[in-house]
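Next up: the structures, one after another.
Shared chain: chain A. Partners: chain B in the first complex, chain C in the second.
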Partner chain A sequence: MNDKKLHIDPAALFLMLGLIGLVLFYIWPFTLSLWYSLLDKPVKGSFVGLNNFIELFHNKSYLMGLKNTLLFIGVSVPLGMILSLLVALLIHRVKRHKKLFTLVFLIPLVIPSGSMVFFWKALFLNEGYVNALLNFIGLNGVNWLETSAALYIILLIFLWKNLGYNMVLFMAGIHNIPKEYYEAAAVDGANAFQTFFRITLHCLTPMTVLVVIMSIINSFKVFKEIYLITGSYPHESIYMLQHFMNNMFYSLNYQKLTTATCILVLIITLMVQFLFRFERRAVE
Partner chain B sequence: MNKLISMLCIAALLLTATGCGRTSESSVEQLLGEELSGEITVSCYDTMMYKASLDTAAKSFEEKNPGTKINIETYSPMPEIKTSESKGSSMAVVAIKEDSQDDTEYISKINTELMSGEGADILAMDILPYYKYADGGQLEDLQKYMDADDSFQLDEYRKNIIEALKYNGGQYVMPMDYIFDYIAYDSSLFTEDEQQKFVNDNTFTYDQLIKSAEGPFHRANAETTTPKRMFGGSAFSTMQPGMFNEMMQLDIGTFLDMESRTANLTDGRFAELLESLSTYDQNGYFLPSTESSKSRELSMEDFAKQREEQLFYKLKSHFSLLMEALEKGGATKVMVSIGSMSNGNEDHDKTLGLLNNENQEVPFTYTQAYGINANSDNKALAWAFLKYLMSEEMQTSVDVGRFGLPVNNAARLEKAKMDITGVSFQKGMTSAAKSQNGKKDAAPNQDKEQNQNVESTELTESQQAALDQYVKTIEDFSDLLNYCPIQDEIVKRMIIEEVAYYFDGSKNAEEVAENLENKIELYLNE
Partner chain C sequence: MSRRYADSWIMVSLIFLGVLFMLPLVVTLTNSLMPANDILSHYTTRLSVFDIVNGVKERYIQIPLIPSQISLSQYADVLVNQPSFLILLTNSLKITVPVVLGNVIVSMLAAYGFSIWKWKHKEKIFFIYIVVMLMPLQAVLVPNYIVADQLGLTTSYLAIILPGIFSPFGTFLLRQNMKSLPKEYFEAAQVDGANSLYMFLHIALPQMKSGIAALAMLVFIEYWNIVEQVIIFIKEYYREPLSVFLSHIPSENISMIFAASVVYMLLPLWFLMLGQKDLEKGIELSGIK
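Coming up: the complex of A and B.
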């Protein structure tokens, strides 16, 4: 009878620590958010089913934030990927000063956002350097941060900040592609175009999925800069979901905040699921 | 599994809220039948207008209702009062610091308390965006209390003032007093014929005023090298919004509809407002921006300089009507200048009327107004205290020291009499001296003697005439008031920041109107 000893796999103990952290810091707060999103008020609230979700989808500001966020992701992520892949390929081909070039693109990653905000403001404020330069060459200045041009500025900040990070990921991916593939392609008479699409891009698929996921996450993080430059209510073209959520946090509207969080989690989960499926199919 | 998820979703959709924080009409009647006891808290942002006044009222209420306790909480620091003297005249400047950081912190504090189901029982609506709380069900609809309480008769109060504060059909805010501005003109700058054109009207739009003064303006300025302006404010500056602020406040109801959460700034009227302001500014109708934006604090020299300026129109506080009446009644001349507008030389001033907008809205505002927290555990006591603040006794009390006109009809007339005879000021000074020196306990007999002296003051013939004139003007003007714009500090800041782009030339009027409309709607619909 006693021969049957309770056997615990040591791996489970190690995993347990991670699991506790995951439950405590991610699953539990999210469950709490989900519960709040089904109530009419946080204290002594009544259960209202999906009313908060229905109301949120009738909220003009939320819909604008959602539209702008999706538009920003739709433009910034592909653009960022194309540019970082291009730079990664160029640096991969460079024979001299490879480390220096890599370092230059990585510098934005280590500069704190707060200090960079002064720089961006000095450049793009109405009385900033860019407008001074435009006036100097006889052109009219643009109120960059208070017109629809603000979207381009935010796009520029996103690319400046994340190009280096994506580039390093792509460089690692390119480095891992066996040289034999290229040699075999050359023997078979493949041109540069075919080599790029059939070998480089194909072999970079897992890395591309990772870069897409990281870019989407980083595209949400650009809010920090937008907020520091333009405040809680920026020009409508750069009003993001995070503005909505941040403003709801400050006005202590927990219902809208938690409902918006749940929808955001749902969207990100679906996106990531789709990307993993895409990766699996592409590799197969 | 899919079927199960679908069923769960449908079930969740079918479940709707039935709970409600606000008190129903039947329970209000029940509440009003309860005996007053326990403790409530009144929370206000502004200290100057509320603290001393509420402390006095609370003390008096507690004495009359043993077993009750009223706590008063205020947030902002007391303003700095600077006095200066020159050539026998003295000047007191009250500098109120507007700190947007403090405003935001106070609003956040109230939000946190309300969201956690707590908060003060009575909230002063000095800077709080009450329409948001009313929409969120965090304020009691006082109409139910007014209807259910037999001791409250709306006819005893200024009905038009109370009803102008209704929001979405509910009375969430109860004003204790009201203030308004009126227009006066310098009769020495207009001919008799020109003045006759004003006689038939008692409300004017800015456009009407400016058109009427264009001829006299050109004539007066052709004769002299010292420019004579139409108004004593600058067109716009971020420090002192001046004429833009005045004109915008008048028209705010046509541009913003807080009830439907919409902004209508792109139909051309807002752009027209900005453009006409620029044109008027270029024509020299307003003070140059650089002169009036230097500092908010007036020195004796500035004041003397302002007194020499001749202005066609002046926007005066209702308090100036009292000062004029006092002068007619034989009292020493006291001049009051409020805000950033200069009153200029007042020697030839005549009262003209009130400002209105295209929709015939005649605005006013208040110094004190309150709402009852829907989460309050002692709503009966909160309502009783509000009623007490509106009573004739409290509204005429000099110790409560009200700057605005009382909403209580009897109190307004009584206070006018006390003001004209100088009783208010003598009593006010006595109570101020008492509070400063702590004399109350030391010399009670002396106080009694003083009170008897001031109370026995009878009206002289000239004072009676001045009182009649004053009361008639005040009541005539008060009858016209019908609109109290909802204040929202965030919207106010958005407007100032965006309009600054028009006046610094970086955006045209249409761009400003479009951006502002988008931003305000974004905020209102969040």
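Coming up: the complex of A and C.
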């Protein structure tokens, strides 16, 4: 079948550039990170096993960043999914101007975070517009960005900006549900409630797993908003992993940086693996 | 009857949500047309002599939906009177344009390479692409820094641009996009004696058009909004892209902030208007399936 002559597969030539880049800029430094995280110093270091990991888990700032990051994922992912599913269902059902409505929810996604910073600050500073309104109706305002309320404000801004992404994924999922299912349900006399849970949600399960994965990855982007609005040292309720890493960058602490990176990679890998397995079981 | 009732409810709730979502944008647009003095009087909270005389103890920010006076003075400041703004805008371009072009070219070639590659372990290699792609920026920054350090680039834009060019996301996206292309196309072309470069230029590329548009848009949006890498690699404020600089604009320039914000969002908004379908497609393809 194949004539065994030595020749280079042309595919390899097309792949070469991309593969070299991937190895050089991702795989190689990832491996190096893993190696550094097991040494006591990057230059001529000696092997210290899991010492860096143990040390990191005794570091208060790191734990705070890790806790807040996981907490933010835990809150923003389900909330964002429910909201985007709701909007996707509404747009699916609406008769006119589908494209326009979709556009409206996609716009925040493309607007650079920096362009909105001044507006958000004007709203939520202690002397901001929200407190002006509260004051006007006789209520006392809250210092939104410098109390634990900051988490909710950031959550609000994050949902505003990122809702469109999941919405598009859900819309594609809803679009692919065969119409016959609904017709059959209508013949069987199923009510709206049953139809929604038994058909819409059921058929969306694989898409939902996908949305969970993408939401977890995307939820790390919240750092942009937090950093731009509140700077390097925000209120401790919104101090994220990346804040900790930035401070380690200033002192160039390779051990803490690489160790934190390895833990993050491990967490993400485990989460994704778990979700994939869950999806496979759900589909069967 | 009840069906119609439901339809109008859907319309009303969508319009309500839509208006709510557009409000920040609308306010930014209308306020960019306010004259400088009005911005200062609405957005500064320091008490003036008059306030103290009048017994005002606290001053709050006021955000008017519609300015009482319309002027283009903010835009004149941004585009003509303050050249520094345009310099910072070119910083953004200097980072974004090479990443978009480079990543699209590398990804086109690699995606095509993957689809014609006949090695039986190629899916395993592709799986590595997916794993790296799934890593959030926070997990990639330290490896990026290590490479930049070894290449002596830690203060150069290249420290940001090079990893951007080789980011595996584009290869993934375009390969997904090409999976819908029937294999028979390639086989037929091969029978006719076409080589792989010919097939790339005449079969794969035309098929990838919408995927390339989607990829270019997603990468552009991401790097136009770059923050994390800038904090680590760029120390001087005059080399910052606007995505970061806008957040700490000096107080003497506060009066032009809305126009500056609007100018900075024009390009991505324009791309969205041109290619809404492409962006939606890009998001759909970015899902791992």
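Heads up, the rule we're going with is that the second predicted complex is superposed on the first by the 263 of 284 C-alpha atoms of A that agree within 3 Å, B and C clash if a C-alpha of one lies under 4 Å from a C-alpha of the other, contacts with A are read in each partner's own complex, and residues count from 1 in each chain.
We take it that a residue touches a chain if its C-beta (ideal position, glycine included) is under 8 Å from a C-beta of that chain, and two chains touch if they have at least 3 such contacts.
Fair warning: this is a prediction, and the values are worked out from it, not measured in the lab.
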### Query
In the superposed arrangement, does A:G128 touch chain B (first), chain C (second), both or neither?
second
### Message
Once chain A of both complexes is superposed, is A:A186 in touch with chain B (first), chain C (second), both, or neither?
### Response
neither
### Task
Decide which partner touches more residues of chain A, taking chain B and chain C as the two options.
C
### Task
Give one of first, second, both or neither to describe whether A:I268 is in contact with chain B, with chain C, with both, or with none.
second
### Query
Which holds for A:G21: it touches chain B only (first), chain C only (second), both, or neither?
second
### Task
Would you check which partner chain A:L71 touches, where first means chain B only, second means chain C only, and both and neither mean what they say?
neither
### Task
Using the touch definition from the top, say if A:V43 reaches chain B (first), chain C (second), both or neither.
first
#### Entry: Which of chain B and chain C A:L201 touches, first, second, both or neither
neither
### Query
Does chain B (first) or chain C (second) touch A:L90, or do both, or does neither?
second
### Task
Could you pull out which residues of chain A sit against chain B in one structure and against chain C in the other?
none
### Message
Going by the contact rule set out above, which residues of chain B touch chain A in the complex?
### Response
9, 11-19, 21, 108, 111-112, 114-117, 132, 490, 494, 498, 501, 504, 506-507, 511, 515, 518-519, 521-523, 525-526
### Task
Mind listing the chain A positions that touch chain C in their complex?
9-19, 21-22, 24-30, 32-33, 36, 87, 90-91, 93-96, 99, 101-120, 122-123, 125, 127-129, 131-132, 135, 160, 163, 165, 168-169, 171-172, 207, 210-211, 213-214, 217, 220-221, 223-224, 227-229, 241-242, 245-246, 249, 257-258, 260-261, 264-265, 268-269, 272
### Interfacial residue positions of chain C with respect to chain A in the complex
7, 10-11, 13-14, 17-18, 21-22, 24-25, 27-28, 43, 45, 58-63, 106-107, 109-110, 112-114, 116-119, 125, 128-129, 131-132, 134-147, 162-163, 165-166, 168, 171, 195-197, 200, 221, 224-225, 227-228, 231-232, 242-247, 249, 257-258, 261-262, 264-265, 268-269, 271-272, 276, 279-280, 283-284, 286-289
### Task
Flag every residue of chain A that touches chain B in the complex, lowest number first.
38, 40-51, 59-62, 64, 126, 141, 143, 146-147, 233, 235-236, 239, 244, 247-248, 250-254, 256
